[in-house]
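Should a chain be cited, it is by its letter among A, B, C and D, assigned in written order, with residues numbered from 1 in that chain.
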Amino acid sequence: MNKPNLTVEKKPIMFRVDRTKRETPDHVTLFFNGTIQFRPGQFVMVWMPGVDEKPYTISYHGPKTFGITVEAKGRFSRKAAAMKPGDLLGIRGPFGNGFDTGTGERVCVVAGGCGTAPVAPLIDMLGKDITLIQGARSRDLLLFKERYPSLNGHYCTDDGTFGHKGFVTELLEQAISTNTFDMVYACGPEIMMKRVFDICEKQKIPCQVSLERYMRCGFGACGACVCGAERVCIDGPVFNSEKLRQMENFNQKALLKSGAEVPLSTYASWRCGENISTTN
Amino acid sequence: MQVNFLGKNLISPTVLASGILGNNFDILQRVHASGCGLVTMKSIGPTPRDGHNNPTVIDLGHGMINAVGLPSPGYLHMEKEWADLNNRDFPIVASIYGASVDEFQQVADYVSDKKPDFIELNISCPNSEKHGMLFGTSPTASFDVVNAVKKVVKTTPLIAKLTPQALDIGEIAKACEDGGADAICAINTLGPGMLIDIESRTPILDFKKGGLSGPMIRPVAVRCVYDIFKATRLPIIGLGGITTGADAIEMIMAGATLAGVGSAVTYRGISVFKKITREMDQWLKDHGCTLEDIRGAAH
Amino acid sequence: MQVNFLGKNLISPTVLASGILGNNFDILQRVHASGCGLVTMKSIGPTPRDGHNNPTVIDLGHGMINAVGLPSPGYLHMEKEWADLNNRDFPIVASIYGASVDEFQQVADYVSDKKPDFIELNISCPNSEKHGMLFGTSPTASFDVVNAVKKVVKTTPLIAKLTPQALDIGEIAKACEDGGADAICAINTLGPGMLIDIESRTPILDFKKGGLSGPMIRPVAVRCVYDIFKATRLPIIGLGGITTGADAIEMIMAGATLAGVGSAVTYRGISVFKKITREMDQWLKDHGCTLEDIRGAAH
Amino acid sequence: MNKPNLTVEKKPIMFRVDRTKRETPDHVTLFFNGTIQFRPGQFVMVWMPGVDEKPYTISYHGPKTFGITVEAKGRFSRKAAAMKPGDLLGIRGPFGNGFDTGTGERVCVVAGGCGTAPVAPLIDMLGKDITLIQGARSRDLLLFKERYPSLNGHYCTDDGTFGHKGFVTELLEQAISTNTFDMVYACGPEIMMKRVFDICEKQKIPCQVSLERYMRCGFGACGACVCGAERVCIDGPVFNSEKLRQMENFNQKALLKSGAEVPLSTYASWRCGENISTTN
C-alpha cells in the first residue's frame, strides 16, 4: 500500500523504522520511508503502540525519507532509541507553526543539546549566510557535528572537551559583537531560550525560539500545552520576539500532566524523572 | 449580539465547551476575547489526577475521538486559578466531576465559594472507569447528585451536563430539573468508540475507548436537545458538532438557548466563536428574526 | 476466500446488512454474485407495514441517517420470496422484527419453516415507535425474546442484532447467548439523530429522528464488537461503517468473525463486497496470516 | 449565501421557487435559481417540508436556472403544482444514470404524457437529427408543444383533438418504416415503454427507456425501487435494450411502499389513488 500523505491523514500512520543511526552516545536517529511536507521546527506525534505517544521534531528529510532524532532519557525515549529496523511506530502530523524562514539574509542559529534536531532542517532550508552556535555537555554529545562541514560553526561544551568551555549564550554575545544578524533562531532548554531572547532584546535583534510543553492532542484542542494564553502545539512551538515579550509564563510556568500550573523548575524536575508526582 | 442566560448578559450565544483549551485562566480570557459568550473551565475533580497516557486525542476529520481521562489538579491545588477568577470581567462556568455524590458535593461546595457564574456538573464523561457517565444514564442517580449539590451551592446556578448514551435523555433532563438544575448542557461526547491500528493490532487510544465529538455527532446532539426541550422548561446549552452559524441556528431551532462549541476550535481556529456569532447574526438579519423567534421552532 | 460460519461455507467473510437493498430475492442474488458471503433480507414483520413517508434516507457524506420505518409486506404476504428462497444456491439470513415476544415468536415460527440458513432477530431498530430497540437495551427483555424464539425455531441458528444504544452491550450479548442465540450481529444504526432544515424550520426526516450508519459510526461499532467479544463466546458479525478491507480487518481484530456491510454499498457500489474481500485477502497475504490468526488480536 | 453545487451536497438544498409556468391544465413547471450539473434523464428528490419527498426529472436547465415539471395528480403533485414564487422546496440530487447520448446520429424520441419532462433536456442536448413522437390524452395536455418549433414532430392524442388519434406506438411503427434510426429514446407509462421496446426489438433498433418505481433513498441503498435485480434509482431510471431483455419484471412487477411485490397493474392502481392499501 502507498503511504498516504501525512498532511492529510489524521490518525497515526504506521511506519516501520527503515534504518537507525547512532548520532552520539545519547542520540539515535530513526529514519522512515515516506514523504512528509513540513516546515523546519514542526513536529510529529510519535506513537509506540502499547507504550505512549510523544512529540518529536523532524530532524532529517529527503524526497522519500524523513527522520527524527531521539535523546535517550526516559521511559519512552529510551525505548525509541533502542528501536530496530522493521519496528513499528505511528506518526501523526506534522503539527505546529515551524520557523518563519522568510526573514533577512544574515542569520544566527543557536542550538543546545537535543535542540539541534529542529534546527537541522532549518539550516538545510535557509541556504543563507548562517552562523551556527551549538553547545552540548561534552564533545561526543555534539549532535550532527559533521552534518554541516562548510558552515561557520562555533561550538561549546560544558566540560571544555570541544570548542569553548561554557555556554552558547556566551558565544552568541561574542558573535553579535562582530556580526550583524537579521534573525536569531534558537532551540534548547527554556532557560537558554530566555537568555538568548534577553540578549537579542538588548541588541534589538529579532529572534525565534522553540519551546516545549507536555502535549496531548498536538493540534490545539485540549489545552494541555498552554504557556499562558499560547498553545505551544499550534500557536508554537516557535515563538518570535513580539510574542515572547507578552508571554509572562515564558521560562516561568508550565502545566503538569494533571493540568496543574507549576514553576518551570518543578516541571523540569518532573520531566527529569525525579519522581515528583505529576499531580503535585 | 447580546443574549441573556439565567440573568447574565453574554456578548454572544456561543459557549466554550469544557475540556477544550480551558486549562488555565489566560486561555479562557483569550477565548472570551475571541468572541465567546461564556467559557467553561476544564472539568475539576476532587483530587489530583493525571488522566490517561497518550494517545488521548485523535482527529478523524469529520470529528474527534478522545480519552483524556479527566486530568485535574484537584480543586485544592488551583489557588492561581481561583485568584485569577476573582479579577475577571467575563462570565465563567466551572465544570466539576466526582466519583460519588459526596465528591460532587465536596467539590461544588468549595468551588461555589470561588464565585464562578455557573457550576456545571459533568455527569456524563465516558473516559474514566468510575466518574460521570454512570450518573448521567440513570434518572434517579442524576436527581440525587443534582439535588445534593443544590443543597450546598445555594445561589450558584447549576448546569447539568448530559450524555447521549442515556436511553431517554428527556427523562434525565427532567430528573435534573426536579433535582434543582437551572440549565442543561447537552451533549458530552458520544459512544465511546474505539480505533484499532491493524498493523500493531492495538487500540490506538491508551485508554482503548474514547468519546466521539465534532461534526459527526451533530445529528445526535440535535436530537438530544430536541428531546430535552420537549421534556423540561430549562434553558439548554446545545453542544455537539457545531461548526458554523447554520449549525448553531439548527441547534437553537431544536430548542437550545446557547450554542456550545468544542471540536470546531480545531476546524476553524479560536476565532470560530466570532465567526459563528457573525454567521448567526447575518442569518437572523437576512430572515428578519431574533434568537427568541426561532428557539424551538422545529417543534 | 472461504470462511465457515456456524457450519455453513461462505465464499467471503462479508455480509450484506439488513435493510440495504435486500427487498427482493433477485437483488440478494445479485449481491451474492458480487462476492458477498452471506446476504440478509430486509427485516420482516408480523403484519403489512408501509414504513414512514419520505424523506427516509439522507446521505451525509461521512455516513447516512435513515428512518425507513420497518416497511414490510408481512411474513404472510411473501409467497414469491419464500418460493425463490427454496431454489437458492447461496446462504441467506432472514431478519425479523416484532413489537412483542409473541410477535417475534409468531414470525420466527413461520419463517423457520421456509428454511433460511439463519434467522436474525432485529431487537435494535430505532426507527419505529414500538419495535425493536426496547428489547435490545434491556438484558432481560433480550433474553426473553431470544429464548422464546429459540423454542419455536428449534434448529435454525439464531443471530441477535444489537443496538449501540445499550448501556452495556456485552451484558446484552451475554443475555442473548444465555437465551440461546448462536451468533451476534452488531451494530444496528446509532442514535437516533435528527437533521433540522433551518430554512423551513422542519426536521428533514418525516419520522423526525433517524439512525446513523456508515463511516462515522465505525469507532462505536468497533468498540461494541470489542465489548461483545469480551463478554461471550459467540461468533460476531461486526457491522457499522465498514467500507474497506482495512476496516474489515480492524473489525475482525476487535473480535468479529464476519464483516457486515451496509452503507458502503452507497460509497463503493454493489461490487464493494468483492473489493473488500480482495483487500482483506491481500492484507492477509502481505502479513502472512489467516483470519483465524487475527480474530480478536486487539485484545 | 451562495448555493452550493448540487452534485456535492447530500442533504436537501433549500430553494425558493423563482417562478412558475403553467404548461397545460395539468402541468406546471417550477423554476429555481441555481446551477445543477446533470445528464438528461436524471432526477432530483424534491422535498416539501412537512409533506413528502418525491422524484422529479429535471425538465429545464439554463446556466443559472433549472426547472421541474409536475403533473398535478395526487396529494404531493397537486400541492407542488399550486406552489407560488417564494415557496420553499428541498432538492437532493441529481440521481440516476440518465440517457446515454453518445449513440448514433439519427434518433427518435418517444414521449407519452408527463414522460415529455425527461426527454426535453435530452432534445436540448442531442442537437442531432431528431424525430419527436409525442402523445397525450388531449390537445391541451401536450406538454412543451411550442418548445421545439423547428423539430420534426409527430403528435397523437387519445381523443384525436391534435394529430393522429391513437397511440405513440402507432406513430413509432410508421416512423420506423420510413426512417433509419440509430437509437430510440422513450419515456412514458410502462406499458407504452414495453410496446416501444417490443417494436424496437422486432426492428433491431436499440432503445433506451426510462422507468418509474416508488423511491426512498434515490442513491441505491434502500432497495425500495428494485425492478428485479435492478435498482431503478441508480442502475436506471434509464435502461437500454440489453438490460431490458433480461428484466423479467419490466412491465410486470413493482414493489409497493411496504416492499410487497405486486403486478404492475396493482402498483398502478395504488399510484392512481384507488385507495388500494399499499400493504395489500
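Heads up, the rule we're going with is that a contact is a pair of C-beta atoms (placed from the backbone, for glycine too) under 8 Å apart; a residue touches a chain by one contact, two chains touch by 3 or more.
Going by UniProt, the chains are A, D = Dihydroorotate dehydrogenase B (NAD(+)), electron transfer subunit; B, C = Dihydroorotate dehydrogenase.
Please read these numbers as outputs of a predicted model, since none were measured by experiment.
We define each chain's centre as the mean of its Cα atoms; on that basis subunit B and subunit C are separated by 34 Å. Centre-to-centre, using mean CA coordinates, subunit B is 50 Å away from subunit D.
One inter-chain figure worth recording: subunit C and subunit D are separated by 35 Å, centre to centre, where each centre is the mean of the chain's CA atoms. Computed centre separation for the pair subunit A/subunit D is 65 angstrom, with centres defined by C-alpha atoms. Residues of subunit A in contact with at least two other chains: none. In subunit B, 60-61, 195, 202 are the positions where the chain touches two or more neighbouring chains simultaneously. A linear topology is adopted by the chain contact network, the touching chains following one after another without closure.
Across the whole structure, chains are in contact as follows: A-B, B-C, C-D. Only residues 10-12, 14, 45, 47, 49-50, 52-54, 88, 90, 92, 215-224, 226, 228-229, 231, 249, 255-261, 277-280 of subunit A touch subunit B when the two sit together in their complex. Residue ranges on subunit C touching subunit D, taken from their complex, read 19-24, 26-27, 29-30, 42, 47-51, 53-61, 64, 66, 68, 71-74, 77-78, 80-81, 195, 197, 199-200, 202, 204, 206, 262-263, 265-266, 269-270.
Interface of subunit B with subunit C (complex): residues 60-63, 65, 137, 165, 167, 190-196, 198, 201-203, 208-210, 212, 215-216, 218-220, 222-223, 226, 246, 249-250, 253-254, 283, 294, 297-298.
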